[in-house]
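The data blocks that follow each hold one structure.
In what comes next, chain A is part of two complexes: it sits with chain B in the first one and with chain C in the second one.
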Partner chain A sequence: MASVTLRGVGKDFGATTILPSIDLEIADGTFLVLVGPSGCGKSTVLRIVAGLEAATRGDVAIDGESVTDKKPRDRDVAMVFQSYALYPHMTVRENLAFALRLRKDPQAAIDARVAEVGEMLGLGALLERFPRQLSGGQRQRVAMGRAIVRRPRVFLFDEPLSTLDAALRGKLRVELKRLHQQLKSTMIYVTHDQIEAMTLADQIVVLNGGVIQQHGTPDELYRRPANRFVAGFIGSPPMNFLDVEIAKDGDGSAMRAPGLELRLPERWPEGPAVLGLRPNDLVPSDDAAAPLSGEVDVVEPIGWEAHLHGRIGETPVCAQLTADVARRYEPASTIRFDIAPRALHLFDRDSGARLSAEAQDA
Partner chain B sequence: MEKRASFGRQALRQLILLIVSVIVIYPVLWVVQTAMTPAQEFRREIAVSSWSFDNFRDVVSTKDARGRWLFGRQLWNSLAVAGVTTLFGIFLALTGAYALSRFDFPGRETGLATLLVTQMFPGVVMAIPIYIILDKLKLLNSMWGLTLVYSTTAIPFCIWMLKGYIDTIPKDLEEAALLDGATRWQIFTRIALPLARPAIAVTALFSFMTAWNEFILAATFLNQETAYTLPVAIQRYVESEKTAWGHFAAAAILVSLPVVALFFALQRHLVGGLTAGSVK
Partner chain C sequence: MLDDERRPASVRTSRRFAFALALLVVGGFPSLVTARTTLTLWHSYQGDERKALETSVARLNERSTTIRVNSLWVPYSAFIRRLNQAIPRGHGPDLFIFAHEHIGNWVESGRLQPIEGAVPTSELDRFFPETLAALRYDDKLCGLPLAFKNLVLFYNRKLVPTPPKSFDELIRIAKRLTRHEEHRYGLVFKSTDFYVHAAFLFGFGGTLFDERGRPRLDTPENVRSLEFVRDLVRREQIVPRNVAGDLITKLFNAGLAAMVINGPWFLGEIKAGLDFGVAPLPVLSQSGRPPRPFVTVDGIFLSAKSNHRAAAIEVMRALTSDDAAFLRATLGKQLVANRAVHRRPEVRDDPKARVFRQQLRDTVPMPNVPAMRFVWEPANRALRKVMRGAAEPRAALTEAQKRIRMLMQPPPPPANPVPYAIVLGLLLLGAVALWIRRLAQPQMRRAMRENRAAYAFAAPATITLLGLLITPFVMGAVVAFFAYRNGAFTFVGARNFVDVLLSREVGLTDPLSFYYTFAVTVLWTALNVAAHLVIGVALAMALRDKWVKLRAFYRVLFILPWAVPNYITALVWRGIFDEEFGSMNALLQALGAEPVNWFSHFWTSFAANMVTNMWLGFPFMMVVTLGALQAIPSDLEEAAAVDGASAAQRFRHVVLPLLAPALIPAVIMGTVWTFNMFNVIYLVSGGEPDGSTEILISEAYKWAFDRYERYGYASAYALLIFFILLGYSRLTRRLREPGRT
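== the complex of A and B ==
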């Protein structure tokens, strides 16, 4: 168990800067998920922590002790690869025992530990099989087992579930969460799947273009995304964005766009902005004075809920409704929505940064 | 399901196969027949006559001027040269190929290209310069000299072969081992080597055959009967005024046996899919 600290960690591949500078503080026992689109540098961060890639600048510390110049094997971290990376010429037992044998643990201790971990992961009956004789889910469990046997200070996971089908992914996600509760180790988990991030994480770091966009709990990221990128990345279906104009209106502000007319009691920065609305924050209303009005395009029922796709002005939007409510709306009909003031997310049109209302006069 | 071919097409197919088979098998049959015929004459047709193993006995029991067993000596020369070339070549080619596949170092690209260029010259072209070198090193008529020459010919090719194969072994495996606490050498011996087995087998076979069958260089560098390798020895039976065809053919068969044996010994390593199941 250990804390992990990254200070100004950067990486260039040749002349290309992949990571300008990452600062990150991960407390002991945290399940931290690093999430971001493909190619944003997640794996690179993980590999720098593992020591598989040398940082171009900055410092990595585990438990307050710098490991920047240490070899992977001296860092006491374990990594589960996206590709599993099982040793194909070794049985499951040999795969699990490999690290223990390398560090010359007594044979009896190795046997006991392998049996224990095999039991924990439900691999008991598979110990004598070779990786090629296992299913995808079993292989992934072996890969995790190989990390667990060593009791490393830090676990690193690089998209460990991405090659599995959806059903299995859901199952292993739950197992992983249970595993973390059981082991209470520090885990850094990389994924491009925000649902995985939301369900697993104590802390989420959203990465884009090698830059940390936001670091917080899943709840914080969902409720108060720091910028438009995070707002659009976290949440499913994704947040709707409308270009709006904000003008002064008495003591408060007025927000306008085609199909939108909304008075806000607080004073917001005037000028162009982007309004973000989560699909489940759009509440259908029969009130002719409801602030949003649009046209229904397609209704997608999904069991107890339905996704209503429509347009406000020219902007496509999605509303998440219960199936009963959605049934009332025909394609091409008009729909009005109410929105709670606290459901509004406003972003700067250019920088994408979150806007805040000016403080009420003190 | 594919429709069954008509009778006419089937017959044509079989006929073509038959003709090709005959063309392929004829030389082998000819050599076998010639070896089994006591008379040392050249015959075109293959016909069963009185067969015997006399030629084989004659070849195997060849003695030198002082009555020592020459064939045994030459067989040992061949085995030693080919064996040492193989072991030496595999060791150097494996370590070299691994480094070229896994490490980035100055001269890597140039080195690889240079290795390829050396393969473009036929061995004969280099015979004279190599002769001079061996002469200076006092390695003419020596097993070590020949081994050195064969190794330098075989290693570049082996490096390319092995590198090509090692390139296909997922890097993730080695990184996993690195995190599991393995040193570079442990990764090489415990991960890379077992997985490169098929390529090592092919390379071993290639090195062995290169050394075992080589004639021109051996004939250039060896001029003492006791230093001959078998290909040079065989040539003795084909002399300009009279050729002992029977002995020649028998010797040819004998010389090819170890290669066949080696092939069967290595065959079980020539399997695909060794990395199956390791990475998705």
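== the complex of A and C ==
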């Protein structure tokens, strides 16, 4: 159990800067997910914490003690690799016991601990098998087991589920979450899959281009994305973005775009902006005064819900509806949407930063 | 040249007869008119000597109407073997030209017929008596002499204006001119070559055979001669200790050798422009007598199987006539055996020829008796031992005498081949029966029918392999059941194996014993393979790391030893470990250490072999390891690092077990290669000291080619090596099969 602190951590490969500078505070027992598109530097951060990669700059501390110059073996962290990295010449039991044997635990303690963890992960019957005799999911469990047996201060996961098929991934996700609830350890989890991030994390850090875009709870990230990148990255289907013009309108503001006419009670900065709308915040309306109107393109029914793809002005949008509602709309027909004011996300057209209303309250 | 008067009557008669016959059948058989006796002549002369001989042969063919000589050049190195094979089978030459020392063997094995009495004594007077003496075996003249070769003193006129008359004087001059640190020597000769040493041995009144004609080396005179040369080398230190290869030529041409003892062939090796002279070998001050070197005589000999004795003798006489000899002396630059030629101005005025002729008076014909074969190896061995200070002359010669006795043991008695034939027959029958039973199985027949095309495609390769691999193997295996003496094989059954395995002729701990050599071979193999593995894997691990700059360059550099043919590498290392001229000792001396005589102690000699073979062997292991390392994901090592493994533990627990599947076959192969690494042993240590660093394969070679041609004994060795390696590969097969991993 430990906290992890990154202060000004950066990494260059030759002349290429992968990470300019990362500051991150991870409280004890947190399940922190580092998420971002591939190449954003999230794995590098993880490897720097593990000690597999040396930071070019900055300092990594575990429990307040700097480990920047320590070898991986002296950091008391465990890592689960994307490829599982099981030792192919060792049985499951030997894989699990390896770290314990290295630190010269008594054999009885090793046996007990391996049995316990094997039980916990449902590997009891597989202990004498070799990795090549296991399925993908079983290997993944062994890889986790190998981390768990050690009771490390910090768990590191490097996209551990990415090589599994969707069904298995969903199942293991739940197991992982349960595991965290059980172990209450500090875990740092790297993924490019925002659903994994949302479902697993206590805290999410969104990385892009080596820079932290936002750090917060899944809820915060979902409800108040700090910028257009985070808004687009978190949530599925992704948020719709419309270019809008904001003008003064009495005490409030008016927002206009082709197919959009909306009056807002608050004051928003005038000028061009980007309106972000989550697909499930688009509520179909028969009211002719509804602020959004567009044309239906395709309806994708997915059981009880359906994704309605259409266009507002020239911008393609996606709305998440119940299947019953979606069924009413034919392709090429007109559809109007209401939006709850709370559902509006406005971003600066150039910087992508989140805009706030009420700033002019003074 | 072939004047009618000189021709024997028989030839004249046959010629007339032919003429008469031609007249009788004129028009009917015109070819008979030109029918001549065709004789084949083998020789191994090269360059000008060959030109001179062939010119004489051409002239003879031109003039003679009854005889035609076809001269055939046979390489020197293959001459004896081909001659020994061809003559008994009847397709050998009628005449052959070679050095005289083998005539005893040839007469004893019925390959050569003496010509005693066939040439008028008056005609024999034209040769130097020393050269004729060399051609007598068992009191019979066995051929006619063409040329002689003996040792004389060559001296660099710049360093030695007038040649010494006595060895005391020579030693004085040589001491003045010797500078070890500059590699300058007063006198250079092969002190460990018995051919050269014989000059001193006879100069001290020594002998090689006792009154009953048995080799006898441990006489007081012989000991004295050895003491004398030992003192030249070790006390006076005017002679370099190890004179191998072309060192004499190099030193003399570089002006580093003031005087050299060498034969006429040396004349062709001295660089143009070097001012040198030749002189008879100086008188030995101790005995008051001159050294008496061996003289070897190139003779022309008559095959025992020739059907044209008379014609052949006529050709022998023609080719040894004064005119033919003059041609060989002037064009072929030979020291011819004809006295008259040496009186002709062209030869008389050559001061060098005069010196060789002068020295000829003080020579001993190289013994031509078969027993001489037993002398060479033990005598050379004794010389090497004494010159490197490992034994006193008397002890060394006593040991040599013991060794001669051992080598001279009679061959095993012939064995009854019947039981062996029965066993072999039963084995063959069993194999055939097994084969037929398999063929009789329907599925086997079906498989053969279905794969007919495959069998057809595989057939050429299979037949070639059978021819190239199986045939020699079977031949070798068969020879192991025979004993070879005097050109004939006798069936001795399993006696060779029994002798080898019971180590009957020598003690178990003697370097000649099979078990001693086997132990050395095992040690050699184990240490080498371990070293190859450690160095190869270590280098591969180092080269794998991304941070090693110029990685590609190093990889090529480290593979280089592998790319160079191994005998070249072996020769280079042999030079590096040379006691006086090698860079290893130069390095030691530069570091302030004493130079080491690498090949005079077992461990240093073994180490020299080891270093050479390590150099040759590690690249293979390195390449195998590099390849296998590519297949190990870096994740595994990272996982182990996070799991708490140090670099050593990662290597031990993760990398090494994963390399093992690739390394085990490499180790097995490397073991077999090293076990039979003939080139390194033969070329680097050559088994020195005293055969103690020999491995089985090089020992087998020595039995076959250095010790009286004991082919059967050597084949038994080879077959035992085969079975040892077969057993080893059986044992390790389980390791090679994919195990748990």
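Worth a mention:
Note that in this section the second predicted complex is superposed on the first by the 357 of 362 C-alpha atoms of A that agree within 3 Å, B and C clash if a C-alpha of one lies under 4 Å from a C-alpha of the other, contacts with A are read in each partner's own complex, and residues count from 1 in each chain.
Heads up, the rule we're going with is that contacts are C-beta pairs under 8 Å (C-beta built on N, C-alpha and C of every residue); 3 or more make two chains touch, one makes a residue touch a chain.
Keep in mind the model is a prediction, meaning the values are calculated, not measured.
With the C-alpha superposition on chain A as described, chain C and chain B clash in the combined arrangement.
Which of chain B and chain C touches more residues of chain A is settled by the count: it is B.
In the superposed pair of complexes, A:79 makes contact with chain B and with chain C alike.
Of the two partner chains placed around the shared chain by superposition, neither chain B nor chain C is touched by A:180.
Judged by the touch definition given at the top, the superposed model places A:215 against neither chain B nor chain C. Once the two complexes are overlaid on the shared chain, A:192 sits clear of chain B and of chain C alike. Of the two partner chains placed by the overlay, only chain B lies in contact with A:163; chain C stays clear of it.
Touch criterion met: A:87 reaches chain B and chain C at once. In the superposition on chain A, A:98 contacts both chain B and chain C. Stretch 669-677 is the one among 21-29, 219-227, 255-263 or 669-677 where chain C clashes with chain B after the superposition on chain A. Chain A residues 50, 52, 71-73, 77-79, 81, 83, 85, 87-89, 98-99, 102-103, 130, 146, 150 lie at the interface with chain B in one structure and with chain C in the other. For chain A in complex with chain C, the touching residues are 50-52, 71-73, 77-79, 81, 83, 85, 87-89, 98-99, 102-103, 130, 146, 150, 156. Looking at the complex, you find that chain C touches chain A at residues 633, 635-636, 638-646, 649, 653-654, 657-658, 740-741.
Taken together, the chain B residues at the contact with chain A in this complex read 170, 172-173, 175-183, 186, 191, 194-195, 273-280.
Considering their complex, residues 50, 52, 71-73, 77-79, 81-89, 98-99, 102-103, 130-134, 136, 139, 146, 150, 163 of chain A touch chain B.
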